[in-house]
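These are the structures, in structure tokens.
Each of the next two complexes has chain A plus one other chain: chain B in the first, chain C in the second.
The block that comes next holds the complex of A and B.
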């Protein structure tokens, strides 16, 4: 192998450690105007009046934009005005944007805008939202435009419902000798990318709308501007430089819509809007919350027979991605186990909370927390080792998923192997709970994981390869470099395929939708599969062009030629060759005749045979393959004051093929850290009026240096036939079992069922005091 | 709005800037001097993305006024010349999106210079002022420890 598997440094490394990498907020020019949001101070209220008189007296104000009744926006249901109109539905919702000569002026004017509200009763949790008589977040749900495969329930707070109906529940329960039922809940939280969302927008003289945006989905912006505002797709250009972290949060198209309205209001002049941290945390979309109830049945010897599941996702005030998240949750509703009989209702529910968008793992860490906790409760009830319960039920090739997709050796990795390996790594046989001293115990907990992606069935990616005169290649792909290093992986794939030195490959980091082939969205751990396959196809294209030119010079069939090591050579006689640099811009014969031209390789890839889910049963194929794994956490817990330290965190993941060892480790480690942080400490705190009490990093506290555990990571490799060199998606998987594993370890340590997040010492204390959750 | 012309000593050069008295050093570095290595993350002292070194101490430039930074030696990430810590950040994969990186590097850099024999507790004490959302922090730990160990070996040999 030339390049695959090696720990190649990321292509943009030097720029990043020298501070020269430019992010969206780093570009500035003197004539830029600044937009500043005015946000709601109520979670649910009627807007009685907005008085802008005082704001207009500030010198340097260029425009004040207020909400309008049209257009309504939203990816599945059009339920959201970009700026609130008529009423506000969450605390922090943008109500107006002030455009001014500089940030200081904009801020001062924004503070002078007087809004009079009339408070409305607040929906403060999904369970509350679905009770009859709950206040409606959207009275007009029935009238909203929507895509075909979303099912809002008029006159309720239910934006969508996905149903899984597999097998026969009567049979399932009759075969179950033991059952448990439990409820789980956690509030919305945040992505907290270190770079807050930032966008500039301008409209050129020829009517072209140009964005520069910190986004994970530049092409989606282009598409949605057409959908929402009727703009010609060719007249919308989105430029995206490197992005300072996304984790799903920058998938949402939100600030761009406001920036468009702002630039329109000032005759197309450039307007920049950069979220403050507080706005980024609650005005822009957040990480979804969940209320869940799970009932599981099994035989005495631990074979799962029935699962009855209710997921109530807290989509907040709008359904934007919430509906898709609810659907993805249904697809993986049981964790990676084979269960014959399943019913699941996964609901996307409106509340008066900040609205949700994708979060790394896309419903999986959330669902697995609930499901894998239930697995531990069941194991305890039938007095079986929790690791063994998972071994018995681990899903295998030849079995079907909740959406009745039949798995094979390629479409699912080997979960039993992952479990075996985890057992060794964790030294599981020494026991799950060990008393270290009077008040100190060490405890271990585990979670199995699986994930496929629930993405657009027509998601596709394109790659262009441009040769330079010295035989080096530029890779041009629409993947956004959000930190995952996927563009470096593309370079590795090309180096491998063309047997060339990785240093001869240049990667264009910025994306410009006008010149860069489309990559659907940089999400769902699908960059490597989609863009990787497109790249391999582009490489094939380039190589056949090179062979074509070489065959005419070497006077042989192109079939007799091979490309590698900077040459095109005769397979049978490698000493007969041409240098790529001498033919990649065509070839010139001694007499001056020339053939060919610049070699430009192009390739694209679209996922095959994906389907929508059947609305009544959930039957369908939503994603290409399942990455599986087994994870664990070991904590040191103080039984006196309920504080704890996470000592070790483990991941064994079937990655298909390791493309870049250290990059893969980094992806998994980072994801584990984020999962532990979410599970242990991150949540928005809402008061009774639905206001967020902690929208800043002093009171919302992600994990910091020194709080991190020792990470133990191992990769198994079961080939995914469709994946480039057999690789599977990996960007999110380190995260998704962490909340469950942490909760399971602490439940063992504290000897009480911990079914809420975040797992703070206070929560453990309260649960202990109240005699445990039900 | 009061404005003054001041001289800042940034990365070894005197730079004249015309600033509002309320301008933070972060703002001046980024908007007036085009030094965008220091990043805004919270403008509140909570995240460390804006960390620079002033007179060899790591300082959050979002909490520092430009007018109080005259006559001081200001170093931003752009001012580092092939520092060991930069190399180790690359080798140990100690960043992903890179947004927190200039702040972390400047904090590490000051720590390395000031406490070449820093132990785990000292490192934690210093680095917990910065947030990274991409890495698991273990990579950053490896990077700074690699520099500290190399320096110590260099000293003793």
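The block that comes next holds the complex of A and C.
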């Protein structure tokens, strides 16, 4: 192997570690105007009046843009005005944007806008939202435009319902000798990317709308500007430099719409809007919350027979990605187990909370928390080792998923192998709960994981390879470098494919939708598969062009030639060759005749045979393959005061093929820490009026340096035939079992069922005091 | 970003500072004394602190003193928490302030800034209350020295135009057994759920609290109850709880009931440390 598996430094590493990398907010010019949001101080209220008189007295104000009835926006249901109109539906919702000569003036004027509200009753949780008589967040749900495959229920707060109906529940329950039922809940939280969201927008003299945006989906912006505002796709350009962390939070298209309205209001001049931390936390979309109820049945020896599941996702005020998240949750509604009989209703529910968007793992850490907790409760009830219960039921090739997709040796990794390895790593046989001293116990908990993607069935990716005169190659891909190092992986794939030195490969980090081939969105752990396959196809294209020219010069068939080591050579006689640098811009004969031209390799890739889900049964093939794994957490717990430290966290994941060892470790370790931070302390705290009490990093504290456990990570490699060199997705998977594993370890430690997040000592105390959850 | 304009002054003497204050005040600028600035800047950007002029007292020599003079430790208010911790003249103070915020912030937060903070934990004051420290306060009429108990009630009660210059602590306290325990909602960084600091002077335990109520305090009543060895340890703790001078905080860090639970075992930990576990 030339490059695969090696821990190549990221191509943008030097720029980043020296602080010279330029992010969206770093670009500025003197004539840029600044937009400042005015946000709602109510979670649900009628807007009675907006008085801008005082704001207009500030010198340097250029425009004040207020909400309008049209257009309504949203990726599945058009339910959201970019700026609130008529009423506000969440605390922190943008109501107006003030455009001024500089940031200070914009802020000063924004502070002077007087909004009069009339408070409305608040929907403060998904369970509350679906009770009859609950206030409606959207009275006009029935009139909203929507895509075909979303199913809002008019005159309720239900934006979408995905149903899974697999097998025969009557049979499932009759075969179940034991069952457990439990409910789970947690509130919305944040992504807390270091870089807050930022966008600039301008309209050129020729009518071209140009954005520079910190986004994971530049091409979606282009598409949605056409959909929402009727703009010609060719007249919308989105530029995206490196992005300082996305985690799903920068998938949503929000500030761009406001920036467009703002630049329009000032005759197309450049307007920059950069979120403050507070705005980034609650005005822009958040990490989804969940209420869940799971009932599981099994035989006495631990074979799962039936699962009855209700997921109520707290999509907040708007459905934007919430509906898609609810659907992804249904696809993976159980843990990675074969269960013949499943019924699941996964609902996307409106509340008066900040609205949700994707979060790393896209419903999986959320769903697995509930499901894997239930697995532990079931294991306890039938008195079987929780590791063993998972081994017995682990999903295998030849079995079907909840959407009845039949798995094979390629489409799913080996979960039994992951479980075995985890068992060894955790020294599982020493016991799950060990008394260390009078008040100290060490306890272990586990969670199995799986994930496929549920992206659009027509999502595609394209790559261009441009040769330089020295035979080096530039990779042009629409992947946004959000910190995952995927563009470096592309360079490694090319180095491997063309048997060339990685340093001869240059990667264009920025994306410009006008010149960069489209990559659908940089999401769902799908960069390597989609762009990787497109790149390999582009490499094939380039190599056949090189061989074509070389065949004329060497007077042989292109079939006899091979590309590698900077040369095109005769397979059978490697000493007969041409340097790539001498033919990649064509070939010049001694007499001056020339043939060919710059070699430009192009390739694209679209996932094969994906389908929508059947609305009544959920049957369908939503994703290409499943990454599986087994994770664990070991805590040291104080039985007197309920405080704890996370000592070790484990991941064994079947990633198909390790493409870059350190990069893979980094992805998994980073994801694990996010999962533990979410599970251990991150949540928004809402008061009775639906206001967020901690929308700032003073009081919303992610895991800090020094609080981390030791991370133990191991990779298994079961080839995914479609994946580049057999690789599977890995960007999110380290996160998704962490909440469940932490909850399971603490439930063992505290000897009480902990079914809420975050897992603070207060939650443990409260659960103990109330005699445990039911 | 702070959207209002304000002047910045950096006097080099106490009298210059107090006179500046008076003159800025008379111009209607609502001046504020400024030391580390972490709070003025972060609360300023959300308009919870609004001022037309700040007077940075870090340029005043008296505010930067840090020395042991005979048996008195003199600490200028401009000393940062990091410096106080690293020089470690006063171990209980070091232990208490090392738990405030994070290292980067402690490089900026000053002793004076923490004692006079708007954010009400003001944990640096706990060791000073326990050691009957003296405070040196500058006013337009000159400098006065008082015992901290005379001027610190929930917050340092300064008259308009006054500022805290130094704190003086008798070093005989530095040898006494002490504990300082900070309990948080979760893990090692962040505001306190409760901070309890205590020392043992002969046989008497002194104790001070932050995060329990909406202000830090030391209470005679509580100390009497805690030192009443005629009754069981449990009863002493129950008595202490009865003596809490104001409603227990109930906020995003924890509910009042949970704080009570934490307080009980923390007091037990304090008594274990200062009386020995068997004493009960």
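Note that the second predicted complex is superposed on the first by the 774 of 774 C-alpha atoms of A that agree within 3 Å, B and C clash if a C-alpha of one lies under 4 Å from a C-alpha of the other, contacts with A are read in each partner's own complex, and residues count from 1 in each chain.
The criterion applied here is as follows: contacts are C-beta pairs under 8 Å (C-beta built on N, C-alpha and C of every residue); 3 or more make two chains touch, one makes a residue touch a chain.
Worth saying up front: this structure is predicted, and the values here are computed from it rather than measured.
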Contacts of A:698 with chain B and chain C, given as first, second, both or neither: both
Winner by number of chain A residues touched, once chain B and chain C are compared: B
Which of chain B and chain C A:670 touches, first, second, both or neither: first
First (chain B), second (chain C), both or neither touched by A:28: first
First, second, both or neither for A:760, with chain B first and chain C second: second
A:147 touches, of chain B and chain C: first, second, both or neither? neither
Touched partner set for A:706, first chain B, second chain C, both or neither: both
Touched partner set for A:17, first chain B, second chain C, both or neither: first
Chain B versus chain C as contact partner of A:108, first or second or both or neither: second
Residues of chain A that lie at the interface with chain B and also at the interface with chain C: 104, 698, 703-704, 706-707
Chain B residues touching chain A - in the complex, by the definition given at the top: 1, 20, 22, 30-31, 35-44, 46-47, 49, 76-78, 80, 86, 89-91, 93, 95-102, 105, 123-124, 127-128, 130-141
Residue ranges of chain C in contact with chain A within the complex: 1, 3-4, 42, 46-47, 102, 183, 185-191, 251-255, 258, 261-262, 265
Chain B contact footprint on chain A (complex, rising order): 7, 9-10, 12-23, 25-26, 28, 104, 191-196, 242-247, 274, 276-277, 482-485, 662-663, 665-667, 669-670, 672-674, 696-698, 702-708, 710-711
Chain C-facing residues of chain A, complex: 103-104, 107-108, 111, 278, 640-641, 645, 680-681, 685, 693-694, 698-699, 701, 703-704, 706-707, 758, 760-762, 765-766
